[in-house]
Every structure is written in structure tokens, then in C-alpha cells.
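Here you go, one structure.
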């Protein structure tokens, strides 16, 4: 995590303050449940809540940890300083550190997911708005970077919408998968703690009890979670690459927002760089880089080894903070990006009318011309356009054989853009269901 | 894909014969739909089905492709040789090669998923059977490879069951995500083909129409699919590592199956190697290696570039064939693996009774001994066991302070294994719901 | 490995025939060394060479392996069928299977490296030839896909040359690193075999003895090897992306070769797709996908576990065959690619003269104009060009303040392309040292 | 980067203070060279050095960047505040931001390499010391986690030494590869700056001029650099896994250092966890995770896109800081780790004498017993040991057939450990050449 690519709400989830707050809640709820079960005295459970509004002193906890070499013990010691060490003596009873750490980590991932879900909704809203705005803005579709047939800018936004909507569904699934907690003791047998404590704590924290844990929550959940972030990041890259292509000097069908009037970068609009989407391309690589370590974390030894911990201390904050930043940045880019419809038409007509050559070829064969002859007829006219930049339609209208086959009106008709956009509404109806 | 790590049913999905068969079905169903819409003559659509039972001649198609340099055209040419070139002249009308290629690829992935789902069910059955069989087989739970507290072998199998059950749910989601088809033309606008053709073909092939495609089906679907395979592979590694640990000479709590009577490797049972699970560890790495390329495939240029194609020609077969093989191998290993309960007890008692030291510590503090004193009392007795391999319980019974705090019966009680297994049924009820 | 992306010489390295041939040589040379040491009778060592010209029967060996479940034993059994089972009885004495397998694998990697080195030399030759050819072919340099300042096509080729030349050096290092053999027995102690046998075998096979092995050769060597292939693949992607960009319809500064006269794809030159370089982009992803598994292979348990084996059975052939194919394909693309110098000039002048705006800005400040004023002077003229596509130089010549600052000649001079190419020779001299 | 896994010297390399200091040096040396060439006045070049001992004010630069949105301009503005804005007016003339950024980044990587090289030397020293210390400490070698033949602990340390020594060589190569600088202007043509400026700056900073750059230094260099860090990390994992295995409760042949007398974790030595090496296992995953993004960074668009920048802002510090910490931690672990030779012998004799069964088998066949008979003879005795834990040698001595074949002395001799350690000196001589 570096400040440049971070937003405060997500960063806050990963702060020591937040972590200790969650630890406190886990311990306090656990005490309540133990009191309910008659395992510890009610007054001790209630006493813990004295720390409810305390801002835990991170420096003090670090100080204790420097001595105890154990973060959870350091926290508990500090908690006792607030609650009273006698009152606090049943806190954490029968629990293992991982009960606190793992449940907390999942709470953090759930909260991170909630922010990411909101990010995605904002991105979806921007994509939808731009899709509707440019539903009929014609541009050339390209395969292999080569002009193919006309499409519309709205379809481009709509397909990104559909892709991100799938990602939203994936993210919700990932959130659900990670929303578990475990208070099951040193090897997951509940030997020293009743399973009902786990149930109570999870309920209070909005989690499901992990059906079976060891000392830790199984890491396939986390692997699936980070893999989902990796897929989302790849989709961000997908949108970013499209915009970067659009902003190329030679293409210039769109651009990251800049204001003509404003000083600075806009002074030379021909030098306006798509730095935000280039940046997003790089950030996508970074989010994706969390996937393999998260998968390597699954195969822990027996009831746990702690190799996953250092990985998660890094990828937990890094991947979520970076993705949050990237999603918000992308939403902003999409929301405000400049679209240049005139350039779209200019580009489509770089070789005037040639983009319709496939359709003419099809029409000729449908009119009964053999495939070979049709090919030759298209080719001889296309080559003139390619070499001399004449107009394809004019060439065809001047070609007697073509006219004989299709008629003048028939030729004209092949250059009707409406042919290509006639199903846009159908597609929009599929994508934007509500 | 290499034969050594392949099973025939999955291999068959990726054969040229299967591919051409699927291509045929796509084209034939598309003709039907076009005939229904009055776009092409009914008799031409019907004529295509003459090839229904044809075994397409792969060598012949390759021969044509060597000339045309285009696989779909080669296939269509060969199809016309069966159907009659006049009758076949409307086949593929208005379609683009990717309509066929992408829809076919997804059909193959769906079929591959169906095999993988069956594989997982077989694995789950084996895990469940072994879990029930060893529900009460006590072994020591380990964190960091170090003895912690008792657990049971059944819990080990049960947690692998729960993990694989989650993977099954993930796989079903992945299958559903990949079960789409697209017949939408060169840039996805349906300019030259009616969307109802897509609907018909998809229905016939068990797919959903892709709501919005370009020339290709969006690759976030495939990224999510291969990421799911990567998570499953990581779980396979998780089980494999457990078994490899169990089979270590020093641990020997379990082993891949071998028969004592049989000649060969069993001649020297102390030399029986866990080669199957080691192999699974390696195969897991390979399945996982498909994840990053699949994610890098998402960001195609504009309406498509063909960079994804070579990747998918490799990871499509490789990842599914390898995972199929690995799941089947693992199911076999689990089903037949040897469990050595006596060794489990021997290991647990390597330092006799020491595994109960945490519980004794807890009991002492619960009995009112200060944490510091309790620690010292446990430590002085534990050290004797560590250094002289005496029995921890005996040491405690001989320690007046401990006896004063816990009583002789209290001490005895702390060594009751039932304390640790009392919630096994609760956990099993959570895991095995039906 | 799939035939479509394979070349025969590299494939042959990985055939069973080649593998058995290498195994034979290892065993035969080992026998010679043991005879030299007096450990086995000379006549038995000599007898082994009876199989020198034998084509080993792969089917027969597979048949034996189906029974013995051990590939090396199967081979030795078959070898005895040729040599005579009595004569062959000392073959493999004191050796362990990995002595043969690992040494053979490294021989294969060395041979693969030799092919790759030749591939790279061919690619370098093509890059150099094209660099010299287009040393002075001016095109616009682009940062962020946006026009920056003029450069030459020759510099583009030259930088790819320099990059591939570094890769060649890396590959040679990787080859050297992997060129080791080990004949050190079950745990690498030479308990049952003299180290001089290892020395002799390695010398005969062009390898260095592994200074210290366990049952296996340490896998950091292989990790470094495959990492090097991954870097080379990334450089291939780098060149491929440049060419794909050049061939975009809007850019069209270059293209993969096609002949205007030829039928087929050239019929519509505007539809000629950069499929070879797109394919290379995908192949680069696949070569790179071998890197992580190779690194995961390093941490084997104790003196070896066999998890690396399945990985290497796949990535050994796959990564080298794919990279060989990719390098050869790229060399062909570079060698024959079409360069369109006129389009380069057209593109550079898309906004006529604007590419010189930075230089004019610099000149103004050097002429004593304040940075702020200089900016404003450039901006007001640049905006006209941007909006109305007038000529930047003409605008400047008509701007009194600019003329006052720079003089008419001074303005003219700023548009001299020679200013930008004056150091091309210096750079070429750095890159092409011989 | 997180403080928990960081060391101050490496962190300092990546501080803004260090970065600005390096930027200053680049700019100041560039001014000197320009003055030498007569391009700018000498006094302006000299004036820059007024800031030689200035601690740049990071907060102030950030403040300016918040306005200018450009880090290099912000720095130059701040520099002018120290130097005088008139005196500073030639600073950065003809240069592009990347000239500063990329050259600085490589300086940082070179300095990071220097620390890492020292780390590795310390690790090598520890490994060598422990190797010599335990050259003759016999333990059982294991393949597949299964006892194979005797080896020594010294050989284990020696092979890690050899592996890390190779890594040191790789790191030195990587350092050399990354030790380049570029001051070549907007597209690398030196249009606005003389190549001799680059040469001078590089010489002063201990770099080589990049033979050909674009706006940036080519990223294959960085890919190779981070790949090297990934290989080193994988070797760290290799050592870590060995130690974790040694410390398993059942194995207990070694342990991360703890002092028996000391309170805390040592209270219960049977609970001492290998948390440092588990941590190293996780850190290895993280260093490795930088490799793929670094490779994805190679294929930049044309003369540069900025997608690599965000990646490098993260992996630059993260990978070097984490690796530095990991190497230092590992050196400490190796230096102080506890070795338990008695346990090594106990383990080797878990099935008393069975570890020699292979050697007995070999001896029997060498004595003329048929392979089949030899197998049976070993098997019947081995099974007794396996099942009843009797002593293998005693069983053999009581087996008339075996005695007939080998003689009593012959049997005794097979159990001589010296047989297995006789070449240890040879291997040590190969590994420790100086």
C-alpha cells in the first residue's frame, strides 16, 4: 500500500485501531456468550464492555508486544489496563489467538468487500449512463486492431457494464464466502470452548460460523476471494486498454477528461496522455499478483502453519486498497471521459466505405454471384480505395458488373449504417434488465 | 497434456473429432433457426443434417486447412463434401468464425466441468466415508508441525470434505458462468444474423446466449473459470501435503495404499513412498499455472484480438485434463489410504502426556492459581518429561503444589481424551448436512 | 505442446527415443568409468556399447513399464534384451534413478538451449538488417500512445536488437547453469559409486559435475532457467505489441508481410490482420506461465520429493518448444514485415508540425522568454492546429511575438528533422559493436 | 512494505529523502556536463551544488506537487527555492522526467542489490560455519519424506551454501544488469541533450550508460532483476522447509534457537514453534509475487507507457525490503539453530538397521545371489523389523542363508556408517573452494 494509490475508508479498515476494535468486539461478545452459558460470571462479561468506547492506544500495545512478542497477548494486557485486570481475567478463556486473528481478518475482508461493492456500483452507474448516452454513436468495430464493421460506442460501454456486472456478482459471492468466523480453539475441536460462543460472536459480527476449522479458518476461502479480485482487476485492465487505444493520437475517438480552457496539461491537447488508464493497467497487474500467493497459502501443514500470515498481512491491505483505488479511478475516468464522435466517423472512413466491403461481398453471393467472382469484384474496387483513397461506394457504382448484380439502389443500401445498429436496442434490453 | 496424466473421457472432449462434431451442431442448428426465420430455404437447412452421423475426416480437414489457412473454412469445405456444395451454400451465413469457435470452446468447457463435477462427487464420497470411519480415531492436532491438542482423523477428513464441498459449489458456479454461446457476427452487432439464431443454437446446446458479445465471448468468464480450477488445485495440494506428512517415516500415521502381501514396493514397507500425493502436489502447480495467462487474456484489444487463442488451445485441455486426473487420483488415494491408529497414539505420547499441558495450565488458572505460578508449575514438570521422557501425569501427581490446586482426580480428569472429542458430533452435523 | 506451435528439432529433443538414447549414454559411460576404476569387469562395460546403434523400442519399454511401474527399470530391462542379461548385470550399479533422469533432463535442456540460442541469433540478424535498412526512416516517437518527438524506425529495430542481445547473454548464462550432471546415488553421498564416475559421464556429455547434489540436482538451477525463458518471452511480447500497434488501421506504419498480388487475405489489404504477432503475445503468456511452477519446485522436502517431476514433464517440453516456435516466428515476421515510411510521415503530421511544439517551447525559453509566456505563445498556436488542422509552422510564422523571439529562420530551423536524428549513428555504434 | 518485515537501511533507500537526493545528484552532474560542453554557463552549474548538503523538504515538495501534479517539476521548483530561481534556470534542460526517474530507480536498485549481496554473504558465512561444524554429524537422508540412506547434517548445510552461492552470482549479474542510466530525452534520441551528459552522469553515479533507451530504460532489465529475487526467495523457502521439517515434534533433529533457561516460549520446549522459518516461507511467496508483474511490465507501448510505474512503486521497495529482511532472518536462524545429533541417530534407528537394507540387497546380488532371492531374503528380515521393531542386523545374523552369502563379518560391515560418509570431504572440497 502506498498513499498515492489509496483511499482513506479502505485504509482505515486495515489500521491497527480498527483491528484492535474488532478484536475487542470478538472478545467482548465471546465473554457475553460464555456468561450466558454460565461458564464465566456475568459481571466479568459486562465489565469488558467498559472498554466499548475506548480508543485503544496502539503505541502502548506495541510497547507491550515488544516485551511479550505476541500481539494478541499484548492487546489483552492493554485491554486489562482499561477493564481492570481482575475483571478481565476471563477474557479470551478457552480461545486461541487465531480465533481472534482469523475472525478479525474476515471481518476486515467483509468490510473491504462492502466498499468494493459500492465502488463497483458507482462504476456500473457511470458505464450505464455513458452507454445510454452513446447508444447510437457509431464507430467502427475492430478485430485485431483492424477495422471490421460498424458498431456503437454505447455497445462498448454496455459490454463493459455487463462484464463489471458479472464481476459484482462474483464479488458478492466472494464476500459471502469470506464472511465466516471461528472460535474453535487450538485445533478446532472446541475442547475448551463451547461452539455456542462461536455462534454468538459470528451472529454479532455478521458472520457465519465456520462449519469446521482447525486452528485457523481454511484458506481456500481466501484463495477464492483474492482470485475474484484478480478477475476484477483484469476487467479493469480491459476497460483501461480500450480507453488508451481510443486516446492514441492516430485514433483519438475518446480521451480521459481535460478541459480546453484550463492551463497546464490542456495547453497542448495533442499531448494529453491517458495516464490514468495506464496507471490502471499497472494497478491491475498488482492486484493480480496477490492471486498466486493466496493460492499457495491454501496448503498449510496439519492444523495450521503460520506461513500464510505474512502473505496476508501484505495482500490483505494491498490488494483491497489498490482495487478500491482502481475502481474509483476508473469510475471517474468513465464518468468524465471525452468522446469524439466526429473522429469516430473520420476513422471509419479512413478508407472511404471500405468498412462495408464484407457486406457487399455477402450481398453479391446472395445475389447469385459465385463466391470467386464476388471476391474478384470486391477486390478490384477495394484495391483502388486502399491505394488511392477513393470512395468505395463510388467505385462500386461505376463498376458495371457490380451494378448488374446489385442494382444502384442495392449498392446504396449496403452503405446504410442502420443495418449495423438495428439490434442495438435488443442488446441493451439484454444488458440493462432493470 | 501428457498421456501419463490423462484420462480418456476428458481427453476425448478436446479431440479434433469432438470439436468438429460440435462445430457441425452449431452450424446445423443455426441453419434450422435461419430456415425458421425464412432467411434460408428449409431444404438447405435440412440437407445439413445429412452429415449428422458422419465421422468427420480430420486428416482431410487438415489437408484443406493447409491450403485455406483457415480452420473454420476448411471444416465448412469438408462439410460441403458430405452435404453437397449447393445444398451447403447457406451454412455459416452471416456468421463469423468466432461464433463457432467460442461457442464450441464453451461447450467443451461445460462438458469438462461435468466430468470434473463427477470427479469431485467421487472424491467427496471417499472423504465422507473415511471421515465417518475415523470419526473417533484420536490423533494429535498440530500447529506449526508441533503437537498441540488431540483431535481425530475423522475431523481431518471432514475438513477436507467441507473444503472440497465448497470447491464443488465454486465449480458449479464456474460451469454456469461459462455456459454461454454467441452467434453475433463480426463485431457482435447481429448485423448479418438475427439474434434468434443465437437463441436457438444456445438452447439446443444447453447454453445461455451471451447477453453482449463482440467478435468473441468476453474472457472474464474464462478467467473466472480457470481461477476456480486453480483454487481446486490448491485444495488438492492441501490434502496431498497432509497425506505426505502422515507417511513420513517418523510420523507414519497413514500411507498411500500398499498391500503387505504383494511383491515389489511392499517388500520393504519402510520404503513405501507417497509418490501419488507428491505427484498431486506438482499437478496442482500446473493447474494453477493456467490462472495468470487466463487473466492476462481478459484485456483484448477492441472487439477482439487473437492473443487469447494460443493460450486457450493449451490451457483448455491442459488444465481440465490435469485436474480431472488429479481429482480421480486423489479420490483413489483417499479411498484406499492406510490409517495407523496405533502410531497416532504413539506419536501423541512421544512426550508422554505433554500434549495436555495447555489444558493443565488452564485448569490451574481456573482453580485460582496466578498465571505466573501456574506457568512455573507446568514448566517444571514439562521439562522433566521433555528431558527424560517420563510421564507428565505421573509428574503432576507427584507435585504437591499441583495436587493441592487440582486434586488427584482433577489431574486424572485432565488426561481424559473425551474432553477433546466431545464436540466431534456437533462438527460432523455441521459438515455432513444430508 | 501442440503441433501447431511446434518445430520438429525441438520436439525431437523431448521424444522418448531421444530420452532413451541419452539414458543409454549415461549408463554406458558410467560403466566405462566403473571399469576404469576396476569396480566392474571391462568386458561388461564394453558389452553395453553393443546397443550403441540400437533404436530402442519405445513400445516395448512401455510394455515393461506397465509391469514394473518404474521407467528406469523398464529401460534397463529392455537394454539387457539387447546387451544380454548377464553382460548387462553391472549396468546402473550403485546408481539411483534420479542420477539418470536428472542428468538426462539437463542434457535435454542444454540441447534445447542450443536451439534457442540459434533462434535468437537468427532473430538478431533480422533485427539488425532491418535496423540498418531503416536507420533514417523517420517516424514519430510516442509516449503514452501520444506523439512526442521524431525518432526513426531503425532505432526501434535497434532497441529490440539490444534487448534480444541481452536476452541472448541471459540465455547463455542459463544454459551454463543448467549444464550439470549428477551420479551421486540415493542421497548424494556417493556411498555406492565413486565420484569419478560422475566426472567421466559429465565430461562425455558436455556437462559439469554438480558440486553437491542430493538424490536430485538442486532445482534453483531450473528455476533460474525457466525464469530466463520468461524474460525472453516478455521481450517477444514487447516486439509483438509494437508491430500490432504499427498495423492498426489508423496507424498503418508497418504490417506483417502480405503480397498484394496474392489471392486470399490480400484481397482486402485493409483487412490484413497481425495474427502472427497476436499469436506471439499469447505464446509469451504461456512461456511465462512456466516460471512460477519452476520456482515452486525449488523447495523439495529433504533430499528430494518427486513433486517437481510432473511439473517438469510438462514445462520442460512446453516452454522450450513454445519459445523455439515463437522466436522463429518472430524472426520471420521481423525479416519480412512491411514498413510504410509515407504513412509514418503522414501520421507524424496528423496535426501538422505540432510534434515540434516542445522544441519550440524550449527554444522560446532559451531565447529569454519567460516559461509562462512561452507556454502561452505555443498554446495559442497549437490550439489552432489542434482544432483546425492548420500548419503549426505557418501559425508561428504569422505570430509576431514568436517571430520577435525566434526570428523567421529560427522558426524554420526548429522544424528540421535532422535535429532529431543527429545522434542516430552514435546510438547505432553503441548497439552494433561488431 | 510493512514495518514488521523491514530493516532500516533498505527502507532508507526507498525514502523520499533518498530519492530526492539522487534526483539532485543526477541534475547537478548533468549541469556539470552541460557546462563542460559549453551548453550552459559554468556558474549556473556550480550554483546547483549549493544544495549539496540540503535536506530536501519532502512536505514542501508534496505541497508543490499537489499544485503542479508532477513530481519532477515539484522537485525542481523546490530545488530552485534553494539554488535561486535564476541560477537554477538551466537545470533539467533538454531532459525528460524519465531521465531522472529511471536513472534514480536503477541507482536505488543497485544500492538495494549491494545490501542484498551483503545479506547473502552473511548467510553464506553462517551456512559454511554450520556445515563445517556438522560435517560428520550423521543423520538419515530422506527421499519422499522416507528414510533412504545416511548422510550428514554438514552436507545439508553445504548444499544450501552451494545453492545460495549460485544465488549470489545471480544477484551480482542482476545488479550489473540493472546498473544503467539514461539521459536521452523524450524519445531517446538525444535530440535536446548531448549523449556525453548521459555518460558523465552515469560515471558519477556508478552506472553504465544505457546503450539505447526510449523515453525509458528498457524493462527487460527489471524483469530479469526481479526474477532473480524470485529465485533467491525460492531458495530461502527451500532452507526454511528443511528447518520446519527438522523441528516437527516427531522429527526434532533441529530447532530455531531457544534457550532452555529463559522464560516464555521455552517454558514448554515441546511447544516451541518454527515461526521464523514459517514466516520465511510466506515471505518467499511475496518476493516471488513480484516476478510476473515485472515481466508484464516489459511490453510497453512504443517509446513508453506509464503502466510500469505503479507496479514499480510497489515492487521496488516491497520485494527488496522483504528479501533483505528474509535473508537477514534466515542468516540468524541458521547461525543459531539448535541441532540435536542424538535425535538424528534415534530417528535413523526408528526401525533399527533398516536404513541399511538397500545396501544389504546390493551386497547380496554382488555376492552372486539372484535378484529375486536377494529380495526375498531382505524382505523376510525387514518385515520383522517393521512389525516388531527388532534389530535388522541381528535378524540377518540369525538368517542362515544371509550368513551363507555374506558371512558374519560381511553383515557387520554393511552397518558401518563410514561407508556413507567416506566422500564427504570430497564434496566439501568441491563446495568450499576457498
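By letter and in written order, the chains are A, B, C and D; residue numbering begins at 1 in each of them.
Just so it is clear, a residue touches a chain if its C-beta (ideal position, glycine included) is under 8 Å from a C-beta of that chain, and two chains touch if they have at least 3 such contacts.
Source: prediction; values computed, not measured.
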Type of chain C:chain D copy interface by residue overlap (half), same or different: same
Between A-B and A-D, the pair with more C-beta contacts: A-B
Inter-chain centre distance, chain A versus chain D - centres from mean C-alpha coordinates, in Å: 33
Chain centre separation (chain A, chain B; CA means) in Å: 25
Junction residues of chain B - those touching two or more other chains: 142-145, 148, 244-245, 273, 275, 278, 281, 288, 292, 296, 301, 305-306, 358
Touch list for chain D against partner chain A, complex: 2, 4-5, 69, 244, 264-265, 273, 275, 278-279, 281-283, 285-286, 288-290, 292-293, 296-297, 301, 305-311, 313-315, 318
In the complex with chain C, residue positions of chain A that touch it: 140, 142-148, 244-245, 247-251, 260, 263, 267-275, 278, 292, 296, 347, 350-351, 354, 357-358, 375, 378-379, 382-383, 385-386
Chain C contact footprint on chain D (complex, rising order): 93-94, 141-145, 148-151, 155, 158-159, 162-163, 166-167, 170, 173, 177, 185-192, 195, 209, 211-215, 218, 220-221, 223-224, 227-228, 230-231, 233-235, 237-238, 240-242, 245, 281, 284, 288, 291-292, 295-296, 298-306, 358-359, 362, 419-424, 426-427, 430-431
